[in-house]
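For clarity, chains are labelled A, B, C, D, E and F in written order, and residue numbers in each chain start from 1.
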Amino acid sequence: MPKRIAAFGEVMMRLQVPGYDLLSQSNILNYTFSGTGVNVVSALARFGHTGHLVSRLPGNSLGDAAAAYLRKLGIASSLIHRGGNYLGMYFLENGFGVRPSRVTYSNRLESSFNTAPAGEYDYDDIAAQIDAVHFCGISLAMNDGVRHHIKSLARAVKQRGGSVIFDCNYRPSLWGEDGYVKAKPHYEEMLHLSDIVIMNEKDAIYTLGMFSEKTDRTEQLMELIPAVAKQYQVQVIAGTHRSINNDNTHTLRGFLFKNECFSFSEQLTFSVYDRIGAGDAFASGIIHGEMEGFPPEKTVRFAAAASMLAHTVSGDTPMASEMEIVRAMTESVGDIER
Amino acid sequence: MPKRIAAFGEVMMRLQVPGYDLLSQSNILNYTFSGTGVNVVSALARFGHTGHLVSRLPGNSLGDAAAAYLRKLGIASSLIHRGGNYLGMYFLENGFGVRPSRVTYSNRLESSFNTAPAGEYDYDDIAAQIDAVHFCGISLAMNDGVRHHIKSLARAVKQRGGSVIFDCNYRPSLWGEDGYVKAKPHYEEMLHLSDIVIMNEKDAIYTLGMFSEKTDRTEQLMELIPAVAKQYQVQVIAGTHRSINNDNTHTLRGFLFKNECFSFSEQLTFSVYDRIGAGDAFASGIIHGEMEGFPPEKTVRFAAAASMLAHTVSGDTPMASEMEIVRAMTESVGDIER
Amino acid sequence: MPKRIAAFGEVMMRLQVPGYDLLSQSNILNYTFSGTGVNVVSALARFGHTGHLVSRLPGNSLGDAAAAYLRKLGIASSLIHRGGNYLGMYFLENGFGVRPSRVTYSNRLESSFNTAPAGEYDYDDIAAQIDAVHFCGISLAMNDGVRHHIKSLARAVKQRGGSVIFDCNYRPSLWGEDGYVKAKPHYEEMLHLSDIVIMNEKDAIYTLGMFSEKTDRTEQLMELIPAVAKQYQVQVIAGTHRSINNDNTHTLRGFLFKNECFSFSEQLTFSVYDRIGAGDAFASGIIHGEMEGFPPEKTVRFAAAASMLAHTVSGDTPMASEMEIVRAMTESVGDIER
Amino acid sequence: MPKRIAAFGEVMMRLQVPGYDLLSQSNILNYTFSGTGVNVVSALARFGHTGHLVSRLPGNSLGDAAAAYLRKLGIASSLIHRGGNYLGMYFLENGFGVRPSRVTYSNRLESSFNTAPAGEYDYDDIAAQIDAVHFCGISLAMNDGVRHHIKSLARAVKQRGGSVIFDCNYRPSLWGEDGYVKAKPHYEEMLHLSDIVIMNEKDAIYTLGMFSEKTDRTEQLMELIPAVAKQYQVQVIAGTHRSINNDNTHTLRGFLFKNECFSFSEQLTFSVYDRIGAGDAFASGIIHGEMEGFPPEKTVRFAAAASMLAHTVSGDTPMASEMEIVRAMTESVGDIER
Amino acid sequence: MPKRIAAFGEVMMRLQVPGYDLLSQSNILNYTFSGTGVNVVSALARFGHTGHLVSRLPGNSLGDAAAAYLRKLGIASSLIHRGGNYLGMYFLENGFGVRPSRVTYSNRLESSFNTAPAGEYDYDDIAAQIDAVHFCGISLAMNDGVRHHIKSLARAVKQRGGSVIFDCNYRPSLWGEDGYVKAKPHYEEMLHLSDIVIMNEKDAIYTLGMFSEKTDRTEQLMELIPAVAKQYQVQVIAGTHRSINNDNTHTLRGFLFKNECFSFSEQLTFSVYDRIGAGDAFASGIIHGEMEGFPPEKTVRFAAAASMLAHTVSGDTPMASEMEIVRAMTESVGDIER
Amino acid sequence: MPKRIAAFGEVMMRLQVPGYDLLSQSNILNYTFSGTGVNVVSALARFGHTGHLVSRLPGNSLGDAAAAYLRKLGIASSLIHRGGNYLGMYFLENGFGVRPSRVTYSNRLESSFNTAPAGEYDYDDIAAQIDAVHFCGISLAMNDGVRHHIKSLARAVKQRGGSVIFDCNYRPSLWGEDGYVKAKPHYEEMLHLSDIVIMNEKDAIYTLGMFSEKTDRTEQLMELIPAVAKQYQVQVIAGTHRSINNDNTHTLRGFLFKNECFSFSEQLTFSVYDRIGAGDAFASGIIHGEMEGFPPEKTVRFAAAASMLAHTVSGDTPMASEMEIVRAMTESVGDIER
């Protein structure tokens, strides 16, 4: 049965140099609007749920363009506020082969989202309208105001019996020096509030400061994730292991830990067109599986296939339907569909 | 010596989303005009023959644009009629890696070509102007009117001593339910009229309802194609085996059966840029070889190389000259030509 | 107070050659999705109402793209059905100066909208969700099936106490030979059902077969419109007189007849960028004024200014906010806004 | 009755900066292929004649692209030779308002056309295939080799009873210092050979060195053109007076002198989108009128309207059909055609 | 004799929606880099002077792109610092006819330029390398840090015997509430330091709080500008009166007050393509005239013509050479230059 | 310590068909300006040196655009002359997979650079401003005038104690028939003048006519390069061995011979986006290493990595900073940088 799911998060304007030019070579940018929350609830809307975004956009042309774009993605807009003056932006220069892609941010701390005052959102009213809410570690890194909104809304949803989903998503550049130390208490608070968490063993080691004597990633994972689940009382923990190959392909394996059991997807290897947002596609697959009551093995395979497909479309936001993902789970590469 | 070769077939407008965007992500389309007949006679014109198209285009802006495009491709336009109101169209969204390409058709049954009335074409007059005529299974699937034009023109050409070429090209979506049953009598009639046929063992099994106990494709091919040639009195049967690899490459091998002998090309593996129309490039290579009196081994190798190169250019229509194909038959990948 | 307003109408794909090239000169098209109903309710949504579209889109990539585009325009999509196979399309070649623009249609009669079967729409359920419904003469020209949907929905809305709005919008090419004769009974039926009608004296003369001895357009208008209002019991009749000048400008004056009185806007003269859809902007202004209870003079001036601004934006669909229209009603041309 | 008309002239590659950017601001060029002869016979082909081009293109990618483009324009290509290495090119930066357009040439003297050796063309064979031939003063300015081809072909056509058409088209930058002195004998030779000449009083004064005491352009015209016709035995002389207005419009009036009578078109004023090639459209109108036996007044009005329309399409080459020109002669500016 | 002239000012990234689309309609932006100082010294470099920019750009991809663009404009880059994190940006949606253009800013207060710390620039070292320095009221509006840099550099240049140029350029949105009151002391300080000032009577009235009983703009000008020159000891004051017409043209007249005399340019009326930066072109013309010792009437006519031409090129930055400006001062609109 | 390095060479306009279309399929070109000298000194400027170009550009729009582009690349322009009429151009059609890229030249022999008269450059004055000068075999192939400039400048630099760098870069199509015989004396003269030479064993065998009994490339290299160094007294000889693989990757290994020792880079294999100019990136790396006094092993590894990265950016000109090259020397492929 379709659920009502909200994400709380910032809308970013993505300004991408077309093709493989650098910013100093080109004079054209393609723009779209995205963000972890945008990507997750847009994918969930595509799967048949109602996907709300709780966010704040400026009351100007850029805000209008962002709002129109979110509607186009199928996102319900009744919980989006207008106010403040600026939109967070990032510039993307596509890498090629051995040359990595490059992302340059504008000053997002001044954005409408990151300057939303206390009292901007009515947590309880929002909680009453939704079955689950999604947060991520990127918003958590912003400032105390945003962190207050996050935790208050999480508590309100929890109190109303809704589910709380948290994607750890630690970004070193956002937390600055001694970032792990600064981040830890906030991450711990979020984990305590969460029912579903997206993370892997690296988050456990670096952000939560846990320790493993193992050296193999999978062994570390299988030691630490159950410990996290137990310590913070998290029902479901899921995540991926990714490796980047020399030939423009990535290799990905998803895992899901639930009821003291691990489920794993196959190890998938595939050509990559646009890597940004592929983690959000994985998260959306896990949430969909959990909301629909899939068996864990199906959930993790669905999420991994959703993530794989998200690497093959342009933009941050997953565009695959449930049917396309199921087909990618089962069939080999096909000829033209006509 | 150059020949006068006509194709009877529909002109389609191809509307392609640039790059790898979906129709719901983009707002731009690139358009060209193509069709099996267009592709085949354009290639033959490039090889030095006179390539006619027998078709019907609407008398409006779209028809003007299509006619101009066909002239640009080098197609002789004196047998193209103007009338009716619509042009068949298809939209193409490019796939990437594990995500397949997607084709969406407009209502081609209402097109000028598919609504050409009885009496539209003067079969005998056309036959008098050409040495050979090409038909394909796509047109054959349209409606009784088109089928009548096809068979009448085939008979007229045959009567005048010209060659009839038929590309089986069975498209399940066009014949609908019980398609093979509906199609079989028409295919059989065409085979009886044809001198050169493009098909492989799958057409024999599914469309003609033949049976083989073999399980290997090549063994099936070597059993069934001679049987088809004998039963329908076809002088030349040629076709390809294609497999699609995980790394954005295809593998292709051509065969040609003539005088009770099989000739095969090398098995070619190559990166694919635009797969549509590559089968028509193969057909054009077979026709050119036969018209020029190449030995069968050269014909099939030429056709396979023509098909391989057609995968590397944009659009449905092959663009390689005879010299470029011959070079691709003999040399390895080269550096820039300057 | 914002109202819930639906339009019943077809969604068309607009495929426009960029700049001033002809279809036979270019190879690129820009596409958007529009339609009289789309334009009207999108504008009303921008004015703060809930704008529904009652329509039917194909369940394929084109339908997905159209649905996404309508959401982007702010149109509520819960009354949009998916089914059938085709989308109506039109190609637009921009004119320049003395060279007129040129529109070429695909076969819209086969579209999902125009082939919606009896029973497709639950008229009463729709009527229960809206305060007013908009129809236009273009849909009325399609076929008996569409006409049945139109009249049934109009009656259902009327029965529930909602308002019926009808834009006469007679297109000679759609009704064919003896078009006025064929159209008249349907137009009369619609007028009887309508509360607000968009038309001018030409519709009265040609479609309704009325007669005036006057030769001046304004005199004809002032004679015939009151007669129409009386005969068909229409509360509000509004429309425009347009003239096209040599220097790429148009001149427009709006009128509104209500309570036996005419109100007129100023005669506006302005440079034209994209003329298509400007009539729908006028209609949306009239509807908004009526729904909000503006005095008639304000309504007609608002509608004329809305129409004027719609000539200055690209695409069929008006993009101006209420604030921008009010400013255009009162201020002279301004310098950059920064 | 349609005629077979050839033009002898160079094919130029036009490389245009899109929009109103300068070459030092942009990084994109749009390219087409044109030339006086190209423009004239393409227009004549559009009017139903067979339009040949006698020219020479390089045997490389640029030559292939040019040849394809000429076919697209409807030009018969059997008299186009391939050889030499280069194609003439010009770069176009569009002006805006008070800023004039700017044309920068590549070295066209090294082009395949301008280096065609003696013996390249079989004058008599060409003359046998055509009813009329067109030359222009631009080719005449190139070098002795080209001038030899021009005069030899003109004589061959004349001898076979065909018509010779000459457009004076004097370009000061091509003849260099003392240009008029250098040019005069060649112009006189061409006038003696010609049946139809495009020129005005300025050509008479500057190139032919004639003298008038009048100061008004029209008076000069009416004195000198009859003198030219008489002295050089020319049957038809036609041309235009153009003035450029401040508001992005031009004013144009055509004249035609035949049988000792002047005919004039209306004075036309219209917005200009692309001025290049508009003179060739006028010439094509004159030739068409003469070939079809129009009365002189109709011919000059048709030619002026053809020229006016040519200012409204992109590219050098006229794109209007006879029907569109006739409509422009008779109707005022129209609304969208749909 | 060419001079060494520096501007102190911010570099802005201009992100423009191509054509006439709104941000909510398009998905493409063209970007360039500009700013009052950029525009002025780029124009001066084009006139043969050495044009320095004193500014600060971020040490990332955006900063690299900006620096490359400034070099392309001909600006000497040795006084440009790299540091800080952000670049000021503005988004431009082009207006059309009655619809005004719209500018939306990012948070420029966080830009590298506006956060340059005390001690960033070595005022005396800069002053030693230049003959004149240009400031504008936009920078003056930023913050105390920038104002300190401005005044310190102005003093250093003055002390070294260089000229100080100040463009009043008051932008209400930048000074906020009670802006004139806040701005006045800073403007007065700048006027005291300046040799050349760009302003008109409105600046005198609003920013300097002066009063005139006249109602006509020209009369106000002729009363107040001499008073300003006297009170603040300014040698040259120049500026423009602009009016915006209904037909997409502007009317402009320049004035220059020097040695107690006014000089005026003709009143120029012209079509406008890109209005932004046209004031900077005027300023560059005034500075060039003063540096070269033109008579005042020539200077003001040159500046007005430079400004007029700047309305006809894309981008903020003037692109005309001295020769092109002189030609625009003397000739009427011309045909294509070839 | 940064050096002042000049290259003497022609600036070419590169006109590239976007994507993978042929010239006969597209109507758009992207243009940039490049050349061996441009590429080398632009890269050196990026590494912190002052990079001069000694060249000649036409005094028209194309020359202005080229000059602006060179400034953008960071090239010092004070030694660039303006004069002559034409710019060398080449058209590039991108290959894909088995279809090779295709380059078509305009007539560069008429370019401003190749027609610079004797006395155009003041060799001694240039030599006084630089520490090193770079020449290449492409310029050497042009004509006697260019060869005279090359040798005179080389001698002037040598006399002033500067270094002479020569890239052999033999292009068969430029020297024509018996090219090696014609070229040899000029190459020998350049080698005698040079301190650093870019070449490999093929240049020794074909251009210098040396002989080796070895068949393995590396063995030939190790036999012939020391012989060249000895015979012509060259301090440093460096070059690469490249092989082109079937899967769109190239394999490259650099060598450097100095002080009678060979140093080799690793054998690098990488995906290729734009192959043109990658040899110039290698040369720039060798020059930078020598100028900075890197140990030979570091120099050759730096040069090979610089060349590898140059294959991954669009355009002929390397865009990588020293930091990016060093990272590519040490790290494996990375994820997005953000």
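What we mean here is this: a residue touches a chain if its C-beta (ideal position, glycine included) is under 8 Å from a C-beta of that chain, and two chains touch if they have at least 3 such contacts.
Model, not experiment: these values are computed from the prediction.
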Angle of the C-alpha superposing rotation, subunit A to subunit B, to the nearest 5 degrees: 120
Reference interface A-F: repeating pair among E-F, B-D or A-B with over half of contacts shared: A-B
Chain whose average C-alpha position is farthest from subunit A's own: D
CA centroid of subunit C to CA centroid of subunit D, Å: 46
Where subunit A and subunit D are represented by their mean Cα positions, the distance between them in whole Å: 63
Where subunit B and subunit C are represented by their mean Cα positions, the distance between them in whole Å: 45
Residues of subunit E engaged with two or more neighbouring chains: 22, 24, 27, 68-69, 72, 102, 247
Parts of subunit A lying in touch with subunit E, wherever the complex brings them together: 15, 22-24, 27-32, 60-62, 64-65, 68-69, 85-86, 89, 91, 93, 102, 104, 106-107, 110
Touching residues (chain side subunit F, partner subunit A) in the complex: 72, 247, 249, 269-273, 308-309, 311-315, 319-320, 324, 328, 332-338
List of subunit C residues in touch with subunit D within their complex: 19-22, 24-25, 90, 95-103, 105, 171, 173, 244-248, 275-276
Residue numbers on subunit F that touch subunit E, as the complex places them: 68-69, 71-74
